[in-house]
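A, B, C, D and E label the chains in the order they appear, each numbered from 1.
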């Protein structure tokens, strides 16, 4: 029934990436001190691509997503870097320009649909608000047309259009998340940032929603920045995946490569941290220790205190940078020095 | 001090229209006295106006006591005269058992009906039929009332009671043609009174103000001179004081702290006050059923210990004078017994003499045996006492604080307690107190003062002390003297009886008189004149008085200062 | 239960308050005190309050007298070296009265606050923890007491007790003011009762009384303290109001009675401001200090309320 | 609807409890109103008159439960009895005069204080650290710590006696006749209302502002606010429709409850500003042990508070769809 | 294979909650007729979606709830009637529980040593100087070393994994035979989950503990549990050896559940499964099979009564009419 997904290779064009994040730095000022939640994060996201950002809680993946859409709230603030969306630096936009780009071109699906919808407004109103806030194309719409469009959107995400007058508390968790997706689709954006869109949901509902998203993407061709801590889901759903650890991007690769051939020791161990339903039952070990406190991050490679293959001197003092280690595969680890591909070789 | 809320009735539109013809500017008449103006009066705390002008209401609207319903005769507290009013006079029979009043002719109710003795008769019978209406308790001594003719009425007494004349003279007749139609005169809210008074027309009644307009049919020709009397609502002294200072009140009866600086100084030419120290004496009562108060020596020591000047100047803000030891005060100067006063001086009563007081106590055996700084009873038991005063009556509270300080100074462990009014009264009535400040009766003669304080018959079967016999000091001699007074109408005899009573009083000190109650009275001459002044205190000037209708004399006398001052208000 | 009955602000468990403070060296202070001192508002409030507590405690030393209402001097003297705050119409030393009034007013405030909280804790936690019909009845009682207008009821009840005085005020206010705290504590107890650590304590075999006293109650410390402070503030203000309208004991020196006498003596009209202004300012300062402490506690327990530190340009 | 019905049931119980309380309190209080009244006349009343007045005042003897049911049945007929201190005026009439003024003044002041507090709270939370948050908030906090009467008296002396901008008291100028259709009278009423209302507003606003600010701050960190902003909605729409509407809900309950405090607290306003109202009537009734009047006033205030609560509940239901289903 | 005697057994265990007020009482059928056994040295997983009743089951066994019906048989004896502190205490010294959220299962106001000392005191496992020794032993067991570093700390000073280890140590303190682990790893970071599961596996082996492992994660059940039971809407619908069940699910719901789990190992881009409908509310569950409304194989009798247990093998059973030969 559904078309097979276009693969990343097919989707890739020679055109400039849709979204290009360059050396993004996000800091939090807390009572205890300064936290650098995202530290020089750089990646590209192409048109029609699903790019996943994965990592454990507190690794900075949501921070990056929020920074890109500029919805970070104090005490977090962007301390440096660029977010180029269609060659425009989102971080330099003024409020009006930002309001114009938001939702019409970039929309967001929040983690918990329970909290992403105002409990005192109907679903219809919340969809209509998004439509009416943007003059382009909707300024002339009557209230009736707006509501018709809202019903259409609900239908699109598999909800009875009559639910347009329902309040969020009258819907189940899965339905609410579908509403949030409907709102995100309202203005046919080019990029949808999905921040753990199914974390609060049960696996069956998660499956339903992810299928739905996949179908909609086939239909409308938007790009997705997909944030999740669930590597299985991530690998299954994304074209490319970036792995974050302690505020840094440590590996970027096509999901196939992340699953079959992880390079960074953290990714390797992470892939070995959760059991699977199929395949042989092997003993898994997880990663000893816990992620560092970002107020006092370890010097050198941030993963070195938990890394069983860390080099005695270098890993403790020198921070590895993200280096290409194969076609479309990058990782930040000193151990991979011999694998690093020269730029010339790669091209 | 907390007073009652007044109450009111609807404006009679028709009357307003009729009367408004006469309004609008002061017009001098033949006598040269300017007419017109609205006099603003304030003397008690209320916050909203209620419609009730019944002269029988237990807590009456003060206006209905005099300005609306007039008495047969007006008793002038200042000189003791009884002034003919609706009655032109009265005659006692020789046996002092019948009393005949002559009713004035030519008086009309404000609805145009004629007033005559039939109305008086009706009123007397009404109060007999409904005891709740017998405000003067006249049926306690009356036997019957009969009409001799339309303008003569005879009262028959059941026993000789020589003070009956004044009591009956206070009767305020109500119109028979109105009241006889009522279902229940007791609960009658007299919202549109038919009366004879100079200001008996309720021409304005709103939530915070009511006005009584001049009665166009008033029997005193040409009077009253002003158009109306206005009563605005003020919930407390603070607010009325502000209004007085602001010149909003023409005629006031308020307590004002430091009246000289707070009020008079604001407009020295026009803001006047005079606090006539002729009110009922305020006393210090001691419960003589208990030790040590049953000991006359102790009571005498208390009388010597009190700093009367401090009480009067600090407690009472200098608005009164210390009482003389007989408790009679300036109003009854003519009744004073020099013998008794001399005896009191000999005993050192009512003189601030701490050392004498201490000596008196030493002599009587009240010594500080255990060295705690306080004296013990002669038998060695500890002695401490509460001096009670009503909470919120701040002048009295201060006075009592001074007194307790004075007592402590002579080694008597006295503490002030301030129960609420209800409990305070109940304590006095049931004898559940040590020492207490309290009022006494005023009356037409000093007899009332001694009767209410000393008459043993006032202690009821339930041990409840009525009137002010709260000290519970009784003697056969006192009872006999009190009875002798009302059994005669002969002034000399009465004087002798009272002299004896005074002597008995200073010998036994059943209570300690502190000071005559001052009567607050302010008047503002920016617009009106004709008020009693300190120099010409022709009657008690306060717009409020518990005991008399003397304000009626003022009300018909005040007038605008000139033809222009009261033009438009 | 409906959302209506939820407390207004979610209060986090006390553990959240224990974030170490950079500004303060690790003195041997209890955690809560360190948190409070680390909050500027609360610290200012605490300083003001401590001053008044100090005055109250050492009143007999600061202004030695047997009876602060003793008439000692010429009436209505303006402040001078001899009488720092002047004298009243009754010749009382206003400074002495204020110092001793601090004692009475603070004592009434804190006693009432403590009694109110004791009642609120007992009723609120019992209702919340035991639940069932017991809870239904207690909740009904709380809501009714909350809805019945307080000041009129206080006036009526104060009138019913014939001898007014500080003790009366404590009793009356305690009888009437417990419900708000009880309701808040009940709601919090309901939340905590269902928390895992209570379940864990039960599984471990903790007896009920220990669960209430050692597991639930310590987690409501900040709530209890802030309700207590609120109750103290309410008591101090209400005491002053009651005394002002004449329902206090005029024989006792407290801020409210000083104002009562000042008003009776037309202090403002006679320009004797020194009898009227200082007690009002004292009440306001104590009130403000309590308000500040409560602001502070709110901020400590709910980090979102904290002002974010100023961000310097990167 | 079920929510409202449940609340109605609760109010009915609350009413019954306060009515019962009302019945009990005078019977527990000491002091006999008739005795007190005659004491004020200082003992010149004949005992016969006292006895007959007892009857007239309707002092019912008999078992307590009988008295209670008589009391209830009278209440149901709207008969609150006759005021003793104002005999023979019915209690309803005594209250009627003041109630209108109290409700107008307190109603207006409360609504203003609430609205202004809510508005300022919204602003303070929206712009943290700006004027509303860093200047107005502490000032209103300080104001709410002042004893009300003290502040009111200072205001009265300064603005009315000192500067003469406002009248010294009363609800309207006594030189103007009371007539609700006259513009002159209405403007006088408003002019006289300014000081008393302002003082109530000043002392009450702090609580609302702080509460609303804190609720707003909590709400502002919710995802739906972030999402509303991300949707590109105007600040106005996010601030009022999304944030304030959710943040106001807890304050609404408090608003209803506070009316009880304010209505009772109006007593102080009435005294300081010579304003007519039921608060002073209650105080007078307590002092004179005028039980019927006391009961009447108390009942009126309670009913007013209950009605206000019901209104607040209705508002709550209108604003919060979640309770409609509950 | 199963020769040992069960240590803890549920027999027809049922729990209904009553919610709502007097007007609209609803019954939430959280658990219906559940029967299963826990064996020493074995882990039994209970898998289901949120609201399926799996946590209720654990809490019933922990005696945090009173069962509506059924038996809880410990060492061959029904303990449901064991009430009163001493009897429950005895039970609790044998059966302990670990909670889902280590952030809330430790009381923030108490230190780690308090948390570990209390069970030792209550169950008189240690006294005096022994106590510290015992506490250190426990911390050793859960690999929090050196113990002295941890005892004075408060929960907020530890990471999630460390807290969960403390929680496990607390459960171990009473030297229980059975541990009920309610989603012990779902709140933890991915990288440390295995550490906790491996620790529990070690305890199972070394101390011969019986585990009930409640989880929504089928893969972790496959990894950790010897046997797995699948719950749907208050009913256990299928039970069997973990490997067997996950590789060859029989019940249509189990099949659905398994197909929904993302599993890159099965190959990327798995086939989409048609899933209709949502989990029914537990207060609306009727007499029939709760899955009937969503089941692709639904038959008319499915809607009439819950299917009985059909044994597929010695260790395997399912409740579905598809397997009911009768």
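Just a few scattered comments:
We take it that contacts are C-beta pairs under 8 Å (C-beta built on N, C-alpha and C of every residue); 3 or more make two chains touch, one makes a residue touch a chain.
What you see is a predicted model; the values in this text were computed from it and never measured.
Any chain touching chain A that also touches chain C appears here: D, E.
Minimum number of contact steps separating chain B from chain E: 2. Relative to the C-alpha centre of chain A, the farthest chain centre belongs to B.
If you average the Cα atoms of chain C and of chain E, the two centres end up 47 Å apart. Distance between chain D and chain E, defined via averaged C-alpha coordinates, is recorded as 55 Å. Chain centres here are Cα averages; for chain A and chain B they lie 91 Å apart.
Between chain C and chain D, the centres computed from C-alpha atoms are 23 Å apart.
Residues of chain E found to touch two or more other chains are absent.
Touching two or more other chains at once are residues 30-31, 128, 221, 249, 271, 287, 289, 320, 322 of chain D.
Each of residues 74 in chain A touches at least two other chains. Interface residues of chain A, counted against chain D in their complex, comprise 69, 71, 73-74, 99-100, 102-104, 107-108, 110-112, 115-122, 129-130, 133-134, 167, 169-170, 180, 183. The part of chain B that touches chain D in the complex is made up of residues 2, 4-5, 7, 47-52, 54, 57-59, 130-137, 139-140, 186-189, 204, 206-209, 230, 232-236, 238-239, 242-243, 245-246, 248, 280, 392, 420-423, 425-426, 429, 439, 441, 452, 466-468, 546, 569. Per the touch definition, chain B reaches chain C in the complex via residues 2, 237-238, 241-242, 245, 256-258, 261-262, 310, 314, 317, 391-392, 394, 397-398, 401-402, 405, 416-420, 422-423. Put simply, chain D touches chain A in their complex at residues 128, 221-224, 226-234, 237, 241-242, 245-246, 249, 319-322, 325. Those residues of chain E that touch chain C in the shared complex are 59, 62-64, 85, 88-89, 92-93, 96-97, 99-101, 104-110, 118-119, 122-123, 154-156, 167, 170, 173-174.
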